[in-house]
């Protein structure tokens, strides 16, 4: 039976599309795999990633990529991992084995990255992830090929901590989504709590498909924290904002992580988000940036381009945009488009991207530095820089 | 105490939707013998359609009407095209057919609408009322009020109309009903439509609280199922009580789990379901019925 | 296979209310009826007798449409109804009071009766109810009682009453006296005689020979799925095969 | 003719296994050469087939619907991950322990559940899977929400397996052994009893057969096979998280068994081939059709496949094909005698 079916498929499908020749070095296209969340709970991110990647690829391909003395084009191979770690692994394997990609961008979140790091590392393929969990790039001796664009979770927590210290906030409660991403956020605050830098009075988790956190919010608010920190992506970040507003918790004491950063947060939370804070790259307030430094110029340009092409801006877009830019930079600097060169070259890269400034080194594969991050606040329905 | 009251209020609101889903499942099970795993998809269809149309600027009552009609139409397709002669079929086969239908409904919704959630405005504006420290948003009131109206209407339908009697008669003894000139096929169609409408209404009232997306059906269907089984699949009232109880237990338990364990709250509904299945598979309320007869 | 039966059928002057021809039917893969011919004429009371497992219940269920015939036809009022579902036959006036009464236990007596009149407009219900209550005064007293809480005899009356509500042109009864107290048997039998006297066409399957021969004028004897003989009640009373079927029960 | 007739069953048996093994051997060839397939798909296909194989006796013969296979698949996967990562046990030993744990879990569940009617089992199995899924996200030993990475790969006689093609052969060998085992079980008196039960519970009961222990044994067998598959998956992928316990895994396995054929031991493999192909080709082509929903659209294909097979080929592709072949063979052998 299996043979019969196999034969039919071979005849019907196989004849026309026998596996393509692996991308030889003289090919004019550089295949880059993209493993992102086009569907499932994190699909909001996936959509922004894909738009950003297509935008950047278009801009890069307009002039081509200088590889040694040749000019090549980027070919993106975008695959959906359904926000599912196991599926992400299957996607990554397929990109490596089938499409023979030079590098992979993805997964778009921590859970879908954690599942593939071992495989990608073993197959020696450079990977740039949009997941924020520190475990993605650590321990560094087992993550030689793995890089990421978002800042490390503790770095983001640190930005919030500084604000808390300025405002005299001592007791906080953390609401986090129950997956690898939320767990990393929670752990960062638990570590700060242990170090005596903050008093974590309560932490509450919710499932990544839940749509109502009234109970978690009620419990957290009952502990009278000076601030509530939320580690969630849209649409859940928006629901958390709404539930906090319903519980009459003051919105100027609510802080979100970079993960919340998208137009959908404001859309989902509606007026409830007004006055709430978020740590994100300055790019989210792109229209307010005065472009004096190269870093600020890159941020502003991306904000303008993306907003022009797609109507509104997404906080996730720059993370993916930079992932691609970083790989292209590495290819140009290294002068070759093979996997080893890209990896070696990435590790030495300093780059001003749309999301912020990257300073990779053999001991640091972990995303934008603290200087790129800012505290933003929702004012009249848009993200505004504080101070 | 304030917290407890808040948990109960919240649980009651979600429980109302579980109750509507569970009621649909119980009615279908009784009248047609079909165990439908597709019931949650009607909540999705109702909620998502409503939110989508409302976002597009359609007046809420009109959006709700369209959503209900759409869900009912899908109910008809399910009953007529996917499950014809379901009564005669084997249970395992019909269960799998409803699973297949549920997957297809979700898939089509994904193609048409995409994966993003959609946001419906609360039925009326206004901020949360505080009653002794318990926060009650106007939408909570709407959920409870509409659910109550629907349940009363269902009760009247089942006890005061000939169609209602015919449905109950078919549930009690399908052959005898047939001998009285009642068409089981008609009753099956009617009950699927009624169940679809119940689910859609549950989805609509919940939409402003829990922004619906194409993927919510499975989880809500399972919760509704748990509600129906906990209450006892044999009686509609059981499903309603089971749904409300499930919603409240779920939230209260989540509320009293310490923070480190609050992740376990997801499992509460299913742990309760498993317990009922292991201890009293005919449902908690069935005990009352046996003792009364 | 069917010669024996067809020769013994009474020649009717008009179209019979029910004409069953060469009926073969069964459960799963087991054939229970091997080609049976039966006719019932307007105003007649006919009984089907036979020992346990003779196929009487199968015959009634197939006539009522609860089972599909494998071969052969069922004609009702001159129309071939073999492919009709049971509810359509019921609406056309073919009523069956099934074995074991099968009233809707959770509904009240009156709700049960009204459901019996389901095929007809609501306006006819009052008329029908009056007739049934007149026939079974006990039911009127128990109008609002849940049917499941009544005695066996009362439930049987309700089942018959429910069937009467559909204004049947042919009333089929499957073992109406089975499992009833002697007093109830008497009441039910009287009611059936009364019905037969009112020109109701009925066909009765009955284990209780006294009841069967008290109510019916003519009968068929079934044995292991085949028609053995047919004739007037007087003839059947004398037939040793009938005695055998009733296992020595007094048939007079 | 008479000799052929006498040996007909044997011939059929040898032929069908020949075709089966031939088909398996063809997979690496097909999956490395035909475009959107990858060898990873080939490995997944065989693992899913092993996990779905247990549903053949359980669903096809005992007439039960289990939507909890993921609970056992995940148990196997987590057992291997925990035992190799935390305790540094050999992956083979972990596989055996995982299968034993899953079997025990199934036995205990079965003790309580088979007293009740069919659909309660479906619900209970779903509940178990979902509860386990929540629990593993909370515990440290299971790596919490992040899952466990760095699972020790399988070795054969101390040598690395190396590469998906080799892993495929290993898994295919296990599938073959499992198929023979399930085949023997289905041929036994045991299975005949089950068939009687699923056709007519009343009849079986009146013959004095208590269906519960028989169903329970089938449930345990299904659990053990799923655990073996889950364990192999953990060793192969190197990573395990709560998604191995997801309801979708159970759904997928049920669809595989149903589409392939619930009453044939080859049904699981054929169903798995069909489902993996659907996923792969849908993923490749559907994004062009609908930009809206990404690859998730393929679930429509799943659902439709399930409905169509149930409505048109209630015995699945293998059952349908076998009936077709029999009809064909019938006409061929009958012709000369006329």
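By letter and in written order, the chains are A, B, C and D; residue numbering begins at 1 in each of them.
Basically, contacts are C-beta pairs under 8 Å (C-beta built on N, C-alpha and C of every residue); 3 or more make two chains touch, one makes a residue touch a chain.
Being a predicted model, the structure only gives us computed values, none of them experimental.
Geometrically, the chain at the heart of the complex, using CA-atom means, is B. Taking each chain's centre as the mean of its CA atoms, C is the chain most distant from subunit B.
Centre-to-centre, using mean CA coordinates, subunit C is 53 Å away from subunit D. Remark: subunit B and subunit D have CA centroids separated by 32 Å (rounded to whole angstrom).
The distance from the centre of subunit A to the centre of subunit C, with each centre set as the mean of the Cα atoms, comes to 76 Å.
If each chain is reduced to the centroid of its CA atoms, subunit B and subunit C end up 43 Å from each other.
Subunit D has residues 134, 137, 145, 293-294, 296 in contact with two or more other chains. Residue positions 38-40, 43, 178, 207 of subunit A each touch two or more of the other chains.
Annotation for subunit B: residues touching 2 or more other chains are 110, 114-115, 263, 266. Across the complex, subunit B is touched by residues 38-41, 43-44, 47, 178, 202-207, 209-212, 214-216, 218-219, 222, 235, 238-239, 246-248, 264, 267-268, 270 of subunit A. The residues of subunit B lying in touch with subunit D in their complex are 35, 82, 90-93, 95-97, 99-108, 110-115, 214, 218, 222, 225-226, 229, 261, 263-264, 266-267, 270-271, 273-274, 277-278, 281.
Contacts from subunit D toward subunit B in the complex involve residues 59, 63-65, 67, 112-113, 115-120, 122-124, 126-128, 130-131, 134-135, 137-138, 145, 247, 251, 254-255, 258, 290, 292-294, 296-307, 310-311, 314. Contacts from subunit B toward subunit C in the complex involve residues 162, 165-166, 168-169, 172-173, 175-185, 293. Listed in rising order, the residues of subunit A touching subunit D in the complex are 1-6, 9-10, 13-14, 17-20, 38-40, 43, 46, 78-80, 82, 84-87, 89-90, 93-94, 97-98, 110-111, 114-119, 122, 133, 135, 142, 178-180, 182-184, 207.
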